[in-house]
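Dropping a structure here in C-alpha cells format, bear with me for questions.
Every chain is named by a letter (A, B, C, D, E and F) in the order it is written, and numbering of its residues begins at 1.
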C-alpha cells in the first residue's frame, strides 16, 4: 500500500508553528500541518463564568470555526446561518477539554483564557492541529499573565498535543490528510500529554468495524506522532 | 474498592427492554438499565434527505432529548431555549452513526428511519442505553417495512449495543451509574456489534490521564458487557 | 349516533393516575385517559421570577411538549426546529393559568413550581389530560414542601381538572378522542375547580358555528366529567 | 357600580371604521373602538400554502403585532427580540380561525388573503377589534378579486365580529377598556357571526372562578354588542 | 426631463407633520411626505444601557420597521421571520446616529429616549422621513422631561432633518418618490442640522457611477430641501 | 498637526497584496494595509439566486467577518451568538454593491461569485481594505472562469477600490488607522473605479458636523488614495 502522499505509514506531515502571528492576542499561533492551516489565538480575560465565581480558580474554553472557503467547495458561514453546526460544537468542546488537561486551573487565578481556533485552510486533521497549536498559544498567554504579575504561580502542568490516526486500505496510518480521511475505514483522534498519558480517544468506524488489534496499532502510531509534535511545540516555545 | 451500587467491577446494571411501549411508532422500546430509562421510537418515512435522493439507498438518523425533570434538578427545556445544546447534538450524532453501522443502507430502499431517544429518567449512561434500545426499535421498524411489503430485502447486518466503562478509584469498572460517573477519573463509551467489532470508542480523562493498560482493561469490560447486552436484545426480539 | 368508541355521549374515557412515575421530581404523575398518556412532573425551585421578587409570594408555571412520535405520524422535534409552535405556547399558557387557580400563591413562599407536561402518546385531549395530571403532581410537590418544612402554610385551595367536550354529528359529547376530535363541528375545553367554578372555557367552531343551547349542553357534560375527574384525583392522592 | 368610563354595563365604546386607510392593500381598514386603534390590511396573493396546493381552494391567514409604543410603557419590538411572544401567536391564530369562519374557502379559488392587524394604539380589546376590523378589510379584498375577474364566485358567507365581555366588580359588563380589563375577575372574548352563531368563546377567570349564570350573563352582553358591531361593519361597507 | 410627479427638480414633496398622533408616547409624530407616512414615537425611559452606566449621560437610540403591507406587495413580517433584515438594521443605526447629533447627551441625565419609526405607507424616502419626523418627536419627549422636572438642562442642540437626492435621467433631483428611486442612477441620503452642517451623507451609484460635479449638484439640492424641512419642523413645534 | 503614525495628511499606509494566499478558492488575496490584514476569497459557484434565475446573468455577493481576536480586546464570535451584527451586515452589503459595480453581470453567465472578507487583524479601515482586496480576488476568479472555458466573455468592466478619509483634529486626512479613527470628528468611506467615478460615499459626523468644504477636501484625498490603490491592484495582477 502506498499512501496518496507517499508518506510512510508512521510518518506525519511536516509541521510548522509560527508564534505571534497576529499582534493583539496574548498568544497567537499559526499551526500548519501539511496543507492544513489553523490560526490559534489565546485571549486572557479577567474573571470567570458564573458557575465558577468565587471558587478562586480559572477557566479555559475554546471556540472553533472554519473560514467559508478554507475547504474545497465553499461552506455556508455559520454566523450567517445563525447557528454553529453539531460538528463545530463537538470540536470546540473537545479542544476545551483537552486544553484544560494541560493546566492546573486553581493556579490560574480568576482568569479565563479563550482559545479561538480558526481554520484558514483545511486538508484533514483540523481539530487535532487546533489542539496542538492552541497549546502553544495557551503557554504564551500564561507567560503573559506571569510577566504582567497577574499571577505568580505556574498553571502549566504539561504540554498537550493531538493527532489523527486511522485504518486506510487495511493498514494503520499516522496523520491522515483529506484524501485518506475521505476513504479511511476508521478514523481516530488521540490527545495525549507529554508523558504519554491519554486525555482523549475518539475512534469511529466508517463502514467496516475495527478490531482490538487495529486499535492498538493505531494507538502505537498516535504515541509516536504525539511525541514528535510535543518536541516541535517545545522547540517553537524555546525560540 | 466497593462500588456505590455494590456491584462487581464487571457487573452491569439490570436491564429491561419493553417493546411496543407506545402504539403509533413502527418501533417503540422502553429500555431501562438500573434507574436510567429511555424511550426509543423508530419512525419510518418514505423518502430520503436531499443529499441521498436518487441514489437508491435509505437513511438512518437519530434525535436525542431529556425530559426537563429526568434529572436530579430540573434542566431548561431545549425547545424553550430555542436550541439544542452541544452535548445533545454530540449524542444524537453518535447514536445515528452507531445505528447506521447496524444496517446495509442500500437494502433499505429510499426510506428514512428516525430514532428518537427521549430520556424519561436519568442515572448515568443515557447515551449508551439509547443506542442499545434504539437498535431493538430499529429492528422492529425494519420488520414492519418487510411485513408491509415495502422492502423484500434484509437491511439488518448485525445487532449493535453500547456501554460505558471507566476508571473509578483507580479501578476499571463496567456500566457507571450517575454517582460513579460524577467522580470517575476516566469515562469511556464503547459501541460494538455482535461479532465484537468496534464501531465507536470515546474515552475522556476527567482530571487524571489514563494509560494504555487502563484503556485495555476498560475495553475488556466493554466487550463482556456488550456481549450480555446483545444477548438481551436478541431475547427481547425473540418474544 | 354511535360514537366511534361506542361510549355513551356523557361517558368519559377510562382514566388512570400513577403517582411517583419517575424518581427525581417532587411530583411525578403519569396520567392516562384512554390512549392519551402524559407525564406530568412538578419541580420545586427556591426563588421566583424577576417580576415577583420581593413580593413574598410564589409562582406556578408550566411547559408542554409532545415526544416526536407520540402521534400517528412523526412531528418535527421543537428543540431541533429551534422554536415552540404557537399551539405549544398556547397550551402551556393555559396549563399554567389553570394550575395557578388551584393555589394561593401568597401561601407558597418565594418558591416556584414548574409543571412539565410531556405527551408520551397522543389520542386527543392532551391539554386537558395535562391539567388533570399536573394538578395531582402539584399537590405532591406542595406536600413535599410542607414535609421538608420549607412552608408551614396550605397553598392548595382546591383541586382543578379539565376535560374536552364537543359537538360530534350534531350531538354534544364528553371527552373526545382523536377520531372524534378530527371531525367534530365544535371542540371546547373546560377547566373547573372542585366546587364547579369555571376557570377557563375555550370553545371553537370548526366549520359550522354553535348555538347557545349547544354551548349549554356541552357545559353540562363538562361539569359531569370534571366532577368524575376530581373524584379520581382525590382517590389517587388518598393512596 | 359605576364603570371607570361611566358607560352603562351593556354599552360598548364608540366605534369608527375607516376604509382605504392606506393605499397599497386590497383592503385597508383603521378600526377604532374608544382609544384602541388597529390598522387591518388584507393582502391578496395568488397561490396557497403547500398543504392546500392542488385542492382548488383558497386560504385566509392572519398576523398580529403591536407597535412598540402603542402601550402605556414601551414594549420590546418582537422583530428585534427575534421571536413573537406566545400571546401574539395565540391572538393571530384566533384572528385567522375567526375570519376563516366568514368565508367559503372553496369559492375563493387558489388565492391567499393575509390579514395584518397592527395595533397603533392600545386601550384593551385589541384582539376583538382586530377581528371586527379585519372582516371589513377582508370583504374589500374579496370585492377586489371579484372586480378584477380573478373569481366570479361569492366566498363571503357572513360578517364576523368580536367583542370582549367580563365580570367587573361582580357585574357582567360589555367591551372592557384597559382599566377594567386590568382588574376584572373574568375576561371573555366572544366571536360570532351575523346570525348569532358562536365561532369562538374564550373565557378566563383571573383570581375568582365564574359561574354558569355569570357565563350566561356575559354571553347575553356579547350577543348584543356583536349585533351592534355587525351593523356598523355593514354601514361602513355600504358607504 | 419631466419628473413622473411633474415636480420641479428642486421641489420636494408636500410635507405634513402631525404631533400627538397617538396618546401614550412622550413624543408621537405622524410625518407624511407625499404618500410616504411614518409614525415616529419617542419613548423616555429612566436609565441607560450598560456601556454608559455611571457616566452621568443619556442615550438616544432608534428602531425602524415597515408594516407588512405598507408597500406595493406584501413583505414578510420581520417578527415572524425571527430577524430584522440588514436593510432594517442599517436604517435604524442611521436614524439613531443622526438623532444623537441633535442632542447634548450629557445634558440628558441618565435617561434613554427610544425613537420608533414605523412605516405605515411607503412611497420612497422612508428613512429620511423617519429622521425628519423623529426629530420632532424627540423634541416633544425632551420637553416632557423638562416639564416633569426630570431634567432642568437643555439637551437640544439643533434640529436635524434628512432628505434624499439623486440623479434621475442624468439630472440631479430632490426628494425621490418610489418611481424615481427605482430607476435613478444614483441615490443619496443627506442628513443636516439647521446651520447646514453635514451629519451624514450616503450616496450609492446604481448602475452608472457619479462624478464630483453631480455630487455637488445633489448636495446643493439637499441643502435647499433640508432648510425647508427644518422650517416645517419648527412651524409644527410652534403650534 | 502630526498624525499618530507621523504620516503626511495625504499619505496612505503601506499596502501589500498577496495573491493565492490559500489554495482552494478561485481567488484568494491577503490584503494588508498597515496593520490591517484581511483575507479575501472569491468562490465561484454555478447558478444564481432564485430572483435571478432564467435571466441569463450572474451575481456577485459578499460576506464579511472578523476573527474574534482580530481586535484589541476579544469580541464575541457571531456564529456563537447566533446572529450577525448590524455593523457586519451593513459592511457586507457595501462590499457586495461595490464589487457589482466592477462587473458586467450579463457577461458573467449564470454564475455566482461570493467574496468572503475575513479580518485576520484589525487596525481601522477593514471595510475599505476588504473592497480593495476583494476586487483582486474577483479578477482572479473571473480569469479562472475564462481559463476553464465556462465563459468566453469579459465581465470585468473596471477595477474598484476604496479608502477611508476623515477630519482628524480639524484637518482632512487619508486612510485613518484605528487611533485616528477613534477620535476623528468625521469618518468617510469612499469607493471609486479606476476612472474616478464615484460608486459609494458614506460620511458620518462623529460629534461635530462637517462642512461642504471639508467634504470636498476629503473627496480630493480619496481620489488620490484610490488612484494609488488601483495602481497597486494592477501591479499585483500583473505579477
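Definition applied: a contact is a pair of C-beta atoms (placed from the backbone, for glycine too) under 8 Å apart; a residue touches a chain by one contact, two chains touch by 3 or more.
Since we're looking at a predicted model, the values are computed, not measured.
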Query - Neighbouring chains common to subunit B and subunit F, by label - result: A
Query raised in the report: Looking at C-alpha means, what's the farthest chain from subunit F?
Result: C
Requested in this report: Quick one: report the Å distance separating subunit A from subunit F, using the average Cα coordinate of each chain.
Outcome: 33
Report task. Please report how many Å separate the Cα centroid of subunit A from that of subunit E, as a whole number. Result -> 51
Report summary line: subunit D touches at least 2 other chains through residues 82-83
Query raised in the report: How does the ring run, chain by chain, when subunit A comes first and subunit B comes next?
Result: A, B, C, D, E, F
Query raised in the report: For the complex, which residues does subunit B have touching subunit A?
Result: 83, 86-87, 89-90, 92-93, 97, 101, 188, 192-193, 195-205, 208-212, 215, 219
Query raised in the report: Can you name the residues of subunit A that touch subunit F in the complex?
Result: 22-25, 28, 35, 37, 39, 41, 43, 45, 63, 65, 67-74, 77-80, 82-84, 88, 114, 116, 118, 120-122
